[in-house]
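For reference, chains read A, B, C and D in written order, and residue numbers begin at 1 within each chain.
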Amino acid sequence: MVAMQASGTLLERGLRSLVGAWRGIAGGGEGVPLSREGVLGPKDVDRLHGLFAECLEARGGEVSARARAAALGRLYLGLNDDGKRAFLQVLAKGFAADEPALDKAMTAVRGAAGDPVARQKAERRLRQALTPPRQKLLTQFTGLPQGVKFLVDMRADALRFRKETPELAIVDADLEDLFVAWFDVGFLELQRITWNSPAALLEKLIAYEAVHAIESWDDLRNRLDADRRCYAFFHPRMPLEPLIFVEVALVKGIAGNVQALLDQASPVMDPGEADTAIFYSISNTQTGLRGISFGNFLIKRVVDDLTRELPHLKQFSTLSPIPGFRKWLDETVAQGAPDLVTADAREKLREALGQRFSKGMLPGLLKDNAWADNAVLAEALKPVLLRLCARYLLTAQDRGKPRDPVARFHLSNGASVHRLNWLGDRSKNGFKQSAGTMVNYLYRLDDIDQNHERFVRDSTIAASGEVKRLADL
Amino acid sequence: MVAMQASGTLLERGLRSLVGAWRGIAGGGEGVPLSREGVLGPKDVDRLHGLFAECLEARGGEVSARARAAALGRLYLGLNDDGKRAFLQVLAKGFAADEPALDKAMTAVRGAAGDPVARQKAERRLRQALTPPRQKLLTQFTGLPQGVKFLVDMRADALRFRKETPELAIVDADLEDLFVAWFDVGFLELQRITWNSPAALLEKLIAYEAVHAIESWDDLRNRLDADRRCYAFFHPRMPLEPLIFVEVALVKGIAGNVQALLDQASPVMDPGEADTAIFYSISNTQTGLRGISFGNFLIKRVVDDLTRELPHLKQFSTLSPIPGFRKWLDETVAQGAPDLVTADAREKLREALGQRFSKGMLPGLLKDNAWADNAVLAEALKPVLLRLCARYLLTAQDRGKPRDPVARFHLSNGASVHRLNWLGDRSKNGFKQSAGTMVNYLYRLDDIDQNHERFVRDSTIAASGEVKRLADL
Amino acid sequence: MVAMQASGTLLERGLRSLVGAWRGIAGGGEGVPLSREGVLGPKDVDRLHGLFAECLEARGGEVSARARAAALGRLYLGLNDDGKRAFLQVLAKGFAADEPALDKAMTAVRGAAGDPVARQKAERRLRQALTPPRQKLLTQFTGLPQGVKFLVDMRADALRFRKETPELAIVDADLEDLFVAWFDVGFLELQRITWNSPAALLEKLIAYEAVHAIESWDDLRNRLDADRRCYAFFHPRMPLEPLIFVEVALVKGIAGNVQALLDQASPVMDPGEADTAIFYSISNTQTGLRGISFGNFLIKRVVDDLTRELPHLKQFSTLSPIPGFRKWLDETVAQGAPDLVTADAREKLREALGQRFSKGMLPGLLKDNAWADNAVLAEALKPVLLRLCARYLLTAQDRGKPRDPVARFHLSNGASVHRLNWLGDRSKNGFKQSAGTMVNYLYRLDDIDQNHERFVRDSTIAASGEVKRLADL
Amino acid sequence: MVAMQASGTLLERGLRSLVGAWRGIAGGGEGVPLSREGVLGPKDVDRLHGLFAECLEARGGEVSARARAAALGRLYLGLNDDGKRAFLQVLAKGFAADEPALDKAMTAVRGAAGDPVARQKAERRLRQALTPPRQKLLTQFTGLPQGVKFLVDMRADALRFRKETPELAIVDADLEDLFVAWFDVGFLELQRITWNSPAALLEKLIAYEAVHAIESWDDLRNRLDADRRCYAFFHPRMPLEPLIFVEVALVKGIAGNVQALLDQASPVMDPGEADTAIFYSISNTQTGLRGISFGNFLIKRVVDDLTRELPHLKQFSTLSPIPGFRKWLDETVAQGAPDLVTADAREKLREALGQRFSKGMLPGLLKDNAWADNAVLAEALKPVLLRLCARYLLTAQDRGKPRDPVARFHLSNGASVHRLNWLGDRSKNGFKQSAGTMVNYLYRLDDIDQNHERFVRDSTIAASGEVKRLADL
């Protein structure tokens, strides 16, 4: 069965139920005769503004107001994209902080200079004057059964519409401010996800996996087998909706090839015999939570949990893509820096190609991924690419931080660049992003704090001797 | 067994564990050699300030900072009152918003006048500049296992200390601001509490019941019997800690006597035969949540739940104390207004007393509660006191609102004053607060919104004809 | 990943762990050096017999004995089919009731004739003497983590091996006797299964569905949508293992076509608008529970549950295959009874075929299912086949009961034959078993008991007038 | 509130509901006009017999029959003791195995001698013929919401009535046979009970504790504190009803005094620092499960669970009463055996008493417990009583097994008599049963099997050297 898709029809239903709900709540009245087509016309917009205002004034009481807000929320769910955009615009255009009150409050803060207690009070009053009624209004949508998810999705809409409708930035910002308070990591629950988890939750892993796509339920079951672990953070008001999840493989020694890790035909290992936990995929799931990050807490909590369950684990490492490498590689190769290729590598390439090698040939050689299927050529390119990859990770910067987003994340968490894995990801995407190479970031508990400190203080990147040697700087 | 009470000893343990935890987290260092006696000395205060600052700077990373904050939280739990006060003072004195940054942000807001988009951005930046680091610091305590409860209790401490230490007002205010966001009613869970609930939760009902004390586990079991209901709101991060709870009796007709309701020897009724739900006790439990109210939502949700479970219920009413009546009565009687006693009542009193009655005798008659045991006298006083009680509820005001706090709560929720119950509470406390009288506030779903509106707009109090007639205005 | 399949390897592991477990339990000793190949040799069989005997004697105590039995159970799991068969033969050959004790007990029963109390005692002693030690031994396997499922699967093995190894009948019988006590319907739990159920449970629906195969996870999700219900019975010691499950569709009016019902593209209905619940699939899942039936209880409990959830439901009906119809039809047509085709039908067939029809043509016409795609021919065959189908259901018997197994089940539960559905199942299997026809059995609460009574007493089959008319008897 | 106690009234209700239920089930009919007084008259008995017979015949089907049995079960609950007795007598008098069928089946068994397969079949048929219809009838009561508990309580009734109504023995026996199958230890769930358990469960601990009475909810909370553990076995169909529970104290070294252990004022210990688990109370809760024992499994499972949770635990010991000691002591002292008192002890007693001691004085000295409060006298009696106590435990027998029931239980489980504790239980009951002495039975995992073996084989009692020396044999 499919959910009925004609938004007009759904909208009509939405309107009918809104009118009904409103009457139920308000004990009579004319309801909300909004237009039928899922697009809000000018009159509808005025009416909507009025309905929002009523919620804010809490006419009929707080309880009633929240029920009305919920009815408006259900209306929103029935709108098509144009309708949603118009809805959000109504929110964006009004319901801002009151300017005269704000001015007065600022004046009071300035007037309280020198008197700390008076100043504190004035600052607090200013803070209250600054809080836009819009935020209160948005908060009232939590009265919907899935209210928090509703608002997270609403922000995802706002982010999507922002390019064409820049005034929605304020709705985005207000929601972000609310989410910072609501999604504090102290409120989140770490849950292990297994094959015994609800299918309604598991299908979201399939939908949300962003690093190595889950191809089928069989693939998923394989990733939840006895020698695998999966953990996610949940918000207590968004059950069955993982906010971020990490997939872990329990192995012997640090794994370097993701296809081997995901091979459904490989035997299941006794987790008690594993000495290493490999974090091979971390996926943020909610576009609407952009800017609110908990990946570092997730890793820490999972390490704690695994250590308790499996005391024999000695190493915690990622097996990560290097998503910016290929682009940087193409640029670098195109620029043709003098030391791009060492003499040794040059010689090997000459042998592999059967002709003299010049660095100008590199762009052509790398253009497609055919080189990877040519064992001799691949072997000759290996030292060239690994050297460049190490350099990319250790030196390529963007505004003072590592250019590679995954590197930035793990290094900022206190991990170190541990090992490069030649052809560790032979998938199409693996070549497109990372030229087939993967990297292990190592989380050593004893070094995390110091690594983090140095990284924050002076952008020092912790790396193994092996990787430093590869970089050959 | 008793938990060990010598705070010195607990503090020492706290310190040892703090030092240990710190070392564990920070990978070495000298720890926190605070003084042993539970009182923080001047040097300790400096150190504490430094430790807070470190958490804020998130040296060693966010995860580490939160772990350190948790260690500080555990330290707090080991302090005696003087130590706690000093701890909170450290928080109150520093960690305010940065004044120059604030000034700059205010200037920017003023400068953006006329440009709505720029203004919005400037306002948001001002809001950020206004958020005191103290709030971020306090949020970090959520890393404790019972972090939210810890902060609620910390605010209860701050409220307790505020009289003698007014500068703690800012800590109180910062926590209140956080709680407004965290304890939004949309995040709370309504749970029914039964005799199958955990004893660790039930013992809190015994501890927290504020209206009609629960005297024993037997008394509690009686209040959770088949013809009783109990509901509470919970925060997902404070399990087993009811925030507010309501006790309900399922009866035939509106009940007027609380002792009869609580009588453990009375037979259990089949709830399917009840037509009325009596809310006979509503208790807020957390001092630290002062100012954050959800009583109206609780009533609404409980009415919904009961209606679903027991469709035969036709009436929802409270059986409430009138806690300000006795004080008002004493004042009123002392002033001796001319129409204090009607001619009819005067005649009855003459008969009961066997002598001529003058209103000057009232204070003496009412001084103790002996009149209640004298059936003839009580009968004669009944019309006098009920008339005054009805007037108290319908007319006595404090800053434009009903003087009686319970009346204020229910009337503001949209209930009406339905019936007075002569000698409905013969307990010591019943006489002390309410002169033995109780009142039913009726919640009629069809009237709630309108009652609320009128009450808010012009302080109109909804009341039954019977009560209005009693008031004889 | 695949579980490792080389039984030799698993067996070796099993043996190692068995030896280990035994030593752990028994505090030393030589362990169980059974042969390596998954097949038990003559010496192994002797040893196994000895190990069973030890468990029975409970040497080292009851706790120890049960742990040893569990170790033997784990061994069994590691055996290949030949090994399992040999294991069961060891059980079958020994551990019977003690003959002399039995004879003595029988003599005592006869001797107690006339003395009811003595007789009762003697009978009980005889019952005890009759209980084969084998049953006690089998019961000890419940000490395995999935002990009950282990035994159910062991009986499935015994049933599978019985053809070639008839002496296993006694193991089958002993397990059946145990299961009759353990799987009493009073011990089973009815659970609703939804898309929120564990994937580990849902995948079993896919595996076990016996009527209309579930083709994919999407198909399954469709069957668990808002207008569908699925219920199963579970044993408390076999979580995640449905014993029997039923799939229900909520519809308007009685549904007649199963492909329409299972169409993933059809819209989802609001269950509140449904007036009819269609039981379109009932599947027993455990071969090892053959002979222990709870289908009638399942239907009754599901009807109760649906009635409570959806009071608007007015009708409860199945949409069932007629699995024996095609075979009977072929036989009947081959025999060519005189009144096989009515004059009317004959005329229609003449028109459809463009030539004179004789009943001898029927076998040829029906041989493949091409007629169903020929609209004119199908229309002409319809009265012929429906008449025969009604006769099959109302008259075809096997040992005094309806020949059709599905009819037998529902009629014995008190349902009636309500409606035949022409081409209600156009699947390959639908034609093969039921000649494309489906039937609704109607469960009318008011008639169930009487229908059942009559069916049991004199095999009276309840049927609607419509079906009776179709049968044209 | 109290449940209404007038059985007449409840019975009337019961009858009304039975009649109603019956009509509901059976679709009409006259119902069950049993007498009103809770006592079943002769006519009622006939009717009851008929109703039972109907259930057995399953008229209207299995589902209907079970619903009728449930209605009869509800009737039983409304009867007074006389009514219950009469109800059980109806069951006892009829519903036995069919004698002719039984005789035939016995003949068949004899006739099958020499043909193992035929014999097996005949034996099974005999087993079926032997199963009294009464058992099937009793099983049908599981259809009640608390059906299993209902039957357990019914057996408790039967046991209670048996003395005066010996014919109920057969109902007792039939229920015991059913329970042996249903309460197999493999079906039971071990649960830890904490202060977070439902109050409805905890109040049962208070009610059922049989060794050291729980005096209040505070006493109970103390026994569930951080350094205490409580475990129970549950049947999946009897939730909130512990079948047997054990209370454990986590301590340093083997505890010898139960009052010290239960002292609510003693500090709570960090369980991580404990090296010893003391099982200080084991209570069977269900009279109706007499003869079905799982105490040894409970101990084993609890030891496993504690070992996993607290790997530092090194010793597992009981602190047990010696319930038969005082009686044996009085007998022994009265007989005045020659070596009752050693020369050393005699001398000490002379000093303590200030006069020459003769063993004839012992009965007088021990008559009340005043000696225990006389420190000098107690010290002089100590060697006498401990020597006798050790002899009691090591030598006093009843039918070849230790006379003391607690000793019998633990020694049969493989424990050893480890240490006697002088005045380890100074409670009134402690003196009455055990003359104030307590004993530790030690469970050493390495010795359990061997101890059990020897105890079973030749009644060898494992004991420490210390206890053997005390016995001075």
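Rule of thumb we're sticking to: a contact is a pair of C-beta atoms (placed from the backbone, for glycine too) under 8 Å apart; a residue touches a chain by one contact, two chains touch by 3 or more.
Composition by chain, UniProt nomenclature: A, B, C, D = Malonyl-CoA decarboxylase.
Quantities reported herein were computed from a predicted structural model and do not represent experimental measurements.
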{"item": "Length of the shortest touching-chain route, chain A (Malonyl-CoA decarboxylase) through to chain D (Malonyl-CoA decarboxylase)", "value": "2"}
{"item": "Most remote chain, CA-based centroid, reference being chain D (Malonyl-CoA decarboxylase)", "value": "A"}
{"item": "More contacts between chains, B-D or C-D", "value": "C-D"}
{"item": "Cα-centroid distance, chain B (Malonyl-CoA decarboxylase) relative to chain C (Malonyl-CoA decarboxylase), in whole angstrom", "value": "59"}
{"item": "Cα-centroid distance, chain C (Malonyl-CoA decarboxylase) relative to chain D (Malonyl-CoA decarboxylase), in whole angstrom", "value": "40"}
{"item": "Chain centre separation in whole Å, for chain D (Malonyl-CoA decarboxylase) relative to chain B (Malonyl-CoA decarboxylase) (CA means)", "value": "48"}
{"item": "Two or more partner chains touched - positions in chain D (Malonyl-CoA decarboxylase)", "value": "none"}
{"item": "Chain-level touch network, classified as line, ring, star, complete or other", "value": "ring"}
{"item": "Pairs of chains found to touch, sorted by chain label", "value": "A-B, A-C, B-D, C-D"}
{"item": "For the chain C (Malonyl-CoA decarboxylase) and chain A (Malonyl-CoA decarboxylase) complex, residues of the former touching the latter", "value": "1-4, 194-203, 217, 221-222, 225, 227, 240, 263-268"}
{"item": "Footprint of chain B (Malonyl-CoA decarboxylase) on chain A (Malonyl-CoA decarboxylase) - complex, ascending", "value": "25-27, 59-64, 66, 96-97, 99, 102-103, 106, 109-110, 113, 116-117, 120, 123-124, 126-127, 130-132, 139-143, 147-148, 166-167, 169-170, 173, 177-178, 181-182, 184-187, 236-237, 296-297, 300, 412-414, 446, 448-450, 452-453, 456"}
